[in-house]
Amino acid sequence: MEKKQMVNNLSLNTRINDIFMLKHIEFRVRRDKRTVDMFFKIADKTGEIEAINWDVSNDKVEKFGKIKFAQVQGHITKKKSDGTLQVTVSSLSETAPLDLDYSDYLPQSKENLDELMQKIFSKIDSIENYHLKNLLKSFFNDSEFTEKFKRAPAAMKVHQPYIGGLAEHTVNVVTICETVSNIYKEMNRDFLITMAILHDIGKIREYAYDKAMEHTDEGKLLGHITIGIEMIGQKIKSLDSFPKDLELMVKHTLLSHHGHFEFGSPRLPSILAAIALHYADEMDAKVSGFINIKEGNKNFKEKWSKWIWWLERSIYLDEEAILKNKVNEAEGKLELE
Amino acid sequence: MEKKQMVNNLSLNTRINDIFMLKHIEFRVRRDKRTVDMFFKIADKTGEIEAINWDVSNDKVEKFGKIKFAQVQGHITKKKSDGTLQVTVSSLSETAPLDLDYSDYLPQSKENLDELMQKIFSKIDSIENYHLKNLLKSFFNDSEFTEKFKRAPAAMKVHQPYIGGLAEHTVNVVTICETVSNIYKEMNRDFLITMAILHDIGKIREYAYDKAMEHTDEGKLLGHITIGIEMIGQKIKSLDSFPKDLELMVKHTLLSHHGHFEFGSPRLPSILAAIALHYADEMDAKVSGFINIKEGNKNFKEKWSKWIWWLERSIYLDEEAILKNKVNEAEGKLELE
Amino acid sequence: MEKKQMVNNLSLNTRINDIFMLKHIEFRVRRDKRTVDMFFKIADKTGEIEAINWDVSNDKVEKFGKIKFAQVQGHITKKKSDGTLQVTVSSLSETAPLDLDYSDYLPQSKENLDELMQKIFSKIDSIENYHLKNLLKSFFNDSEFTEKFKRAPAAMKVHQPYIGGLAEHTVNVVTICETVSNIYKEMNRDFLITMAILHDIGKIREYAYDKAMEHTDEGKLLGHITIGIEMIGQKIKSLDSFPKDLELMVKHTLLSHHGHFEFGSPRLPSILAAIALHYADEMDAKVSGFINIKEGNKNFKEKWSKWIWWLERSIYLDEEAILKNKVNEAEGKLELE
Amino acid sequence: MEKKQMVNNLSLNTRINDIFMLKHIEFRVRRDKRTVDMFFKIADKTGEIEAINWDVSNDKVEKFGKIKFAQVQGHITKKKSDGTLQVTVSSLSETAPLDLDYSDYLPQSKENLDELMQKIFSKIDSIENYHLKNLLKSFFNDSEFTEKFKRAPAAMKVHQPYIGGLAEHTVNVVTICETVSNIYKEMNRDFLITMAILHDIGKIREYAYDKAMEHTDEGKLLGHITIGIEMIGQKIKSLDSFPKDLELMVKHTLLSHHGHFEFGSPRLPSILAAIALHYADEMDAKVSGFINIKEGNKNFKEKWSKWIWWLERSIYLDEEAILKNKVNEAEGKLELE
Amino acid sequence: MEKKQMVNNLSLNTRINDIFMLKHIEFRVRRDKRTVDMFFKIADKTGEIEAINWDVSNDKVEKFGKIKFAQVQGHITKKKSDGTLQVTVSSLSETAPLDLDYSDYLPQSKENLDELMQKIFSKIDSIENYHLKNLLKSFFNDSEFTEKFKRAPAAMKVHQPYIGGLAEHTVNVVTICETVSNIYKEMNRDFLITMAILHDIGKIREYAYDKAMEHTDEGKLLGHITIGIEMIGQKIKSLDSFPKDLELMVKHTLLSHHGHFEFGSPRLPSILAAIALHYADEMDAKVSGFINIKEGNKNFKEKWSKWIWWLERSIYLDEEAILKNKVNEAEGKLELE
Amino acid sequence: MEKKQMVNNLSLNTRINDIFMLKHIEFRVRRDKRTVDMFFKIADKTGEIEAINWDVSNDKVEKFGKIKFAQVQGHITKKKSDGTLQVTVSSLSETAPLDLDYSDYLPQSKENLDELMQKIFSKIDSIENYHLKNLLKSFFNDSEFTEKFKRAPAAMKVHQPYIGGLAEHTVNVVTICETVSNIYKEMNRDFLITMAILHDIGKIREYAYDKAMEHTDEGKLLGHITIGIEMIGQKIKSLDSFPKDLELMVKHTLLSHHGHFEFGSPRLPSILAAIALHYADEMDAKVSGFINIKEGNKNFKEKWSKWIWWLERSIYLDEEAILKNKVNEAEGKLELE
């Protein structure tokens, strides 16, 4: 069944009639001690808004309290000055799981995921070192792994927090590392590119992203660095004669790619490629994070974003306007020198 | 007069006869209360070693104590287990400043500095934004500025600490930023490349590098970030109609490029290009720093460098050996797949 | 038109009829899907309280949503246990900007601003060093600068956050520095007093304070330290023969007056007067901040203030009571010894 | 061949004649440009002292430079005020590796290692949980593992830095955990004791301790936490049906036992037993570290130890004297109460 | 009068009729400008829930605003999805202080406090050092002190925040210290146990816990460490010939037991027993804190607790389930080995 | 016996003949295995230099090793490039303690100590609050206390590290506080001045300064803050009716005067006067510290001091030259305006 109404397209005074995820359900008894109202949120991959279902009959309270997905009918009756809406619900009926395309409820990358994977495959083909290529192939020739890798998010919140985010992030890090290995003749390209491809593979087990995006228990208890080390260790075990000292280098580089103890790396980067990988990872995480914030503030008519806790600052949003306008302004001018 | 003996080519039991810089001079009276010995170091752009001049006549003590450069004759008579040498000096005579090519005494980039500058010039030509191009030209069309920029070191110790280092560093940062602006369509290339070129211009006044490489008083009292802000401010004043809000963006991006308060940036990067510039700068500084350490440990027959205080770690030196050998080892093997 | 009702004088069950600033406006549709209510805040220089305008006709929603200042009629109908009030509004009409005395809406210093400026002028007269006096006069003989300086706040929140706050803060810092230069014969009084007067001049551009008090873009992107450096640099350029090394000292002292990297000083105080200026600035900022908190808790009937986030502590409010009462208590006692 | 002279028993003016490890070898040419002297250190498991071999013939320099162990004859000719000695060597001849009992050169625990292992075995027997006991047995029934575990040091410097140190440390941590599991009924004893036994097993590969005690490359590149995770993972793979969620708990507890990111734990303890294990580990590491310092200062006639860098403090040494004397002093006194 | 209804036993749709503490009282005038409603919380030692008293007559507002304890009649009319309830109150009448058993309103330890004290007394009896035993007896033979000690909480929030908590905490710390003094023969048992008993005595003045549990002014202004130092100093003054150097050791160990400056210890532990005491204290505080969190999440049907600010993490709650089930699961299996 | 030669007046090639303190004594046996040389340092209140006593007869080794003060005859035979000297000693004989004026060996304030004390006494007289004046008098009417206070140093190294330093520091802090209490009408002058006088009294027991300046055991184990609290507590006990809440304020202000946990204050300043006292203390400590550094670099012909570890920076030394010269330079100029 195709979803037609997306949360981020709703506006004041329009009718609602579609399937939404239900969250934060709460029941309240009115002063008459009989009438019960239901307060909750309706959500999909584009966002969530407040909803109220007035006067729920007592025999439905328990059933309604457990709904995950429902056909919702209602009307948008409130808009706050910060632009958030509120729905008054007139009808609510649970939806059978099989009728759902969960992708409507999970945010998606705007990139073509197959093309991203193709870029990674061709990078793997370009590796000349026998052992490293072998290691990469042992992962990416495995279609179960590849399928999971392709859909994994890169993070839950900060950067590329959507289906396909990990593939996007990996391609960006690989691209930066390619440039870096061109600049410094002392840098071993094969090793750096291999590690750029593998550095975050543990995220396919750190996150669950089939029906909802969330941390797995394994993700919370171990984290993607430890999971990645284990995945690498098992693959190498299965390979023919992967050199022990190269294995240590691979693992050290994965272990240390967060660059600092306080970000969960138990070792500091001590190999040339490891320090480069750390900054390539950091570059994409932070630049993508900034872009994410700017995207989220697109309809916010201010020159500065709200305070971003993980950056301890606001972001300047007026940049493009200044750079674009000024070009136009200057268009009539004479050629420079 | 051409220098023939370089410190890093000297070895145990060879004769010394060339001009060297003199450092750390000290005189000692022997037990006979008459004989005075002179202990010091001889140095050039490749390094420094300990030297002793036995039995200096009393009337020469004051004169010898002030020598900066001298023709030194002697013999290498001691080698420690860590490879450091000691010279016994037989003759010492001051050298007239005019006879010297100071470049023998200042470390030099291995790159062709004219080619580096050419790369920067062609990047400037590629900028389309009228105002930014104008700003860049106002600096790089000024030959006094360009000459200083070309020879400046990038730092005193950690990365590219030699004549031409700033040009090397700038080209590397620009190259990384070019890749970054290709990856993210939201990134304004003109602005990012402009700031990559300008971010460290304050270093031409932070350091002195004519006869010796050292911090200037201005460098110590203000630092290259504040100096750079001032240089930019003055240039913009001299330009025709540089937009005020663009000026603020340029200055903010220069101010914040160290990325953290504790590294001397009084503002945190709050513009998309500013965060990218910070990591590009960090990437080249740290990767070049690692390469610098590996270079300095080239003759050190260990798998790990000595402890590096500014990194709080040792660096693994065995990397290339492992990556190279393993390729060969595997050469006889069958084609993969 | 004179303002008669100030927010901090309002109380439960009184009538409202005056001009207020409007903030945080929000409209809500009732369950009947027709009636729209308007929730907002009314504010002036003394504070702000919640307001509700019930049943707004649909054709006024857009217009009301944009009001900045309005003639408000209504009734205070709610008081919470923490003392905050709520107004039920009966009539609302926009006010023409020209009719307003904005000073009713901006908090003001309790000091006489002309007297504060007079104190600064006479300090300037007392400077003997030709160049420093010249520099000070170049600022304070400029009436545009002086007018802005006189009205600037010292901060947005923490200390002296009101019109005239910068002049107050400057006079306090100068007074402390005068004492300090008396104590230490090694301290150069002229230099310390000059820097005490100039240290925060950048705040006249960091903040806007004509119609509302807020950070300017320049303030957010550069900060008052960098702005101050630029103002000083330009003035010195316009002066006849200001010594270069004295300029470096002046700039270093301004740059470093926050005393720590994490407070936005890109250099640490390295000149005797710079370290003294830092602590004089810190002394007034913190003591005035404490007084500000005590003022804000004047009607709070507790011995301890609420938790103050920027101090990471509560402030003890009972101090004066203890010191005053005890004196009285002891009054009957015999002379000491 | 039995070692008779131990470094810590040597004193001023005695003769030396035994086998020692040689360290820090350095050769110096005298002023006559012919005579070469050899400066080095002689060491065994009890410590090291400076040594000089005067006038080494030129043809022996290369050979002597490579000696690891030698029969040394000489005389102790110098004692510094801090008690350190210097040997003048008269004869030096290399020792064949096979003639050596390396245990003379590696510091040893004072405990009976077999008894320590017995304590661990009996703890394993006491575990009731089938899977945990199984996991423990899979390690400790493997004699190669057990042999390595028994001899491993607990650290290189700070606490129990000697053969058998890991077994000592493990027994202490287990003992503390036993008490802790008695105190809190909510604590699962089996799980806590199991983790106390396993928490540091990675150290058998982090350190080499056959002929010398030092970090392995694996130890430096990965650290004992990551090594331990890998060892556990492989063992569990080999076990029959170890529950997946229990495996995550085991690994989380091992990962987090350092308790803080900056000490190399990539996760913070989030399971009740994990927080207890962290403090039990910390308790033994720090208390044993203090005892180690007191031991090292036994002959130092001061009330305070030298400054200990890793503790950022000096240790008070006079404690026992005060507590013992005072008991005696009071002995004559009447019964209390 | 016996309390029958406890907050943590209330559920949706039940009647309320008992005495509760009243908190956060607030009055609101309705739109009719006449009717006043009263919003507040009702609380006892087991928790607190929201309450509303509709339509309070004007003449009762002032009186109701000051009620501390009241007989409350009403009905639970609302349950949120996070399980919190709301009461609609029908009748409210103040309760005379004398009618109250305050212990119904203060949380209590589940341990038998007399037994805890007995454990401490018998530990004191076991001390052999005359002076230390004397010091302990001077406190614990004083029934006023002992009574306060027995009822004091160990903290306001984090660990053992209930009547009897200090005794519980002290017994736990003593038990851990007993084990520690058994492990290390270098540890002076008498001193360590004495300090374990005395380390937190200052808490009897840091907290008030007669009618409500809260910090005293002395607690906020000085803290329990400084209070404890003072209590010890005064007792020792009253004792016969307590040795001065032992007094310094006692005070240092109390001063430093928080182990770090940022936790309020003005000295770092520099005596062997002091470092042991610190970790014993930390062990019980953190383990008890974890147990406290698990207790608080008992009815929370999730595998992870909410975010705990003071630990900067969530706690895993599923532990016991995994450990218990797995034992059962494995029950059918064959004997191990 | 009067000391004639002070260490800081000695120069190369002069004869030594006076009493000095002996430090760091070490004996060395020469290659002949008979001759013993003695290496040590000679010191007085102005500094210390290296000394060698060649060929000490064996029977004198033990005796010489214990000398604290000796009549030393010799010759300055070595000067290093950093200006440090070395003495060759010809004769050495121990000095009887009674013959010594220890003040020659302890550095002294340049201020008149009686005048400093007079300033404090007159401040005490100016206090109007009965209880605070009473408390101050209870200390300063006690001549044993006053005598110790007058001679105590303010610190061991950083600021005013000499006899009389505490009195100097106290007078400076009082002077700053007097100004501060004039500026802010909200500040209670009596309380602030009282605390300025009392804040560091614990230093009279933290340091020993009769025959040498060093930390006492009490100083190391407790610190001057805890000692001060105890001294205040005991005095107040002895006073008639000192109010309890005023006592808490006095103690809190003393406890918190270091302003930060990491500097050993177990509480943060939470009283208005406490925050002022902290900055007044910090102001004098840091400004006096800077002056101390400048004094120590008086003969160092550089524009920048050596690196100062406790400040993490170098200090600019050229300040006065620039300020003085520039005045002269400008002297010929016309009157300003």
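Here the chain labels run A, B, C, D, E and F in written order, and each chain numbers its own residues starting at 1.
Going forward, a contact is a pair of C-beta atoms (placed from the backbone, for glycine too) under 8 Å apart; a residue touches a chain by one contact, two chains touch by 3 or more.
Quantities reported herein were computed from a predicted structural model and do not represent experimental measurements.
Enquirer: Identify the chains in contact with subunit C as well as subunit E, in label order.
Expert: Chains that touch both subunit C and subunit E, as defined above, are A, F.
Enquirer: Farthest from subunit D in C-alpha centre terms, which chain would that be?
Expert: Result for the farthest chain: C.
Enquirer: With respect to inter-chain C-beta contacts, which pair, C-F or A-C, contains the greater number?
Expert: Comparing C-F with A-C, the pair joined by more C-beta contacts is C-F.
Enquirer: Looking at CA centres, what chain is most distant from subunit B?
Expert: Chain E.
Enquirer: For subunit B and subunit F, what's the span in angstrom between their mean Cα positions?
Expert: 42
Enquirer: Can you check how far apart subunit A and subunit D are, centre to centre, with Cα atoms defining each centre and the answer in Å?
Expert: 46
Enquirer: Go ahead and note the Å separation of the Cα centroids belonging to subunit A and subunit F.
Expert: 60
Enquirer: Where in subunit D do residues touch at least two different other chains?
Expert: 217, 220-221, 245, 249, 252, 270, 314, 316, 318
Enquirer: Run through the chains and report each pair that touches.
Expert: Taking the chains two at a time, the touching pairs are A-B, A-C, A-D, A-E, B-C, B-D, B-F, C-E, C-F, D-E, D-F, E-F.
Enquirer: Using the touch definition from the top, list the residues of subunit F that touch subunit E in their complex.
Expert: Against subunit E, subunit F makes touches at 217-218, 220-223, 225-226, 229-230, 233-234, 245, 248-249, 251-252, 255, 261-267, 270.
Enquirer: Over in the complex, which subunit C residues touch subunit F? Could you list them?
Expert: 128-131, 133-134, 137, 141, 172, 175-176, 178-180, 182-184, 186-188, 190-191, 243, 245-246, 249, 252, 268, 270-273, 275-276, 279-280, 282-284, 286-288, 290-291, 294, 311-316, 318-320, 322-323, 326-327, 329-330, 333, 336-337
Enquirer: Sort out for me which residues of subunit E touch subunit A in the complex.
Expert: 12-13, 54, 75, 77-82, 86, 88, 303-304, 314, 316, 318
Enquirer: Taking the complex as given, what residues does subunit D use to touch subunit B?
Expert: Of all residues in subunit D, those touching subunit B are 24-31, 33, 65, 217, 220-221.
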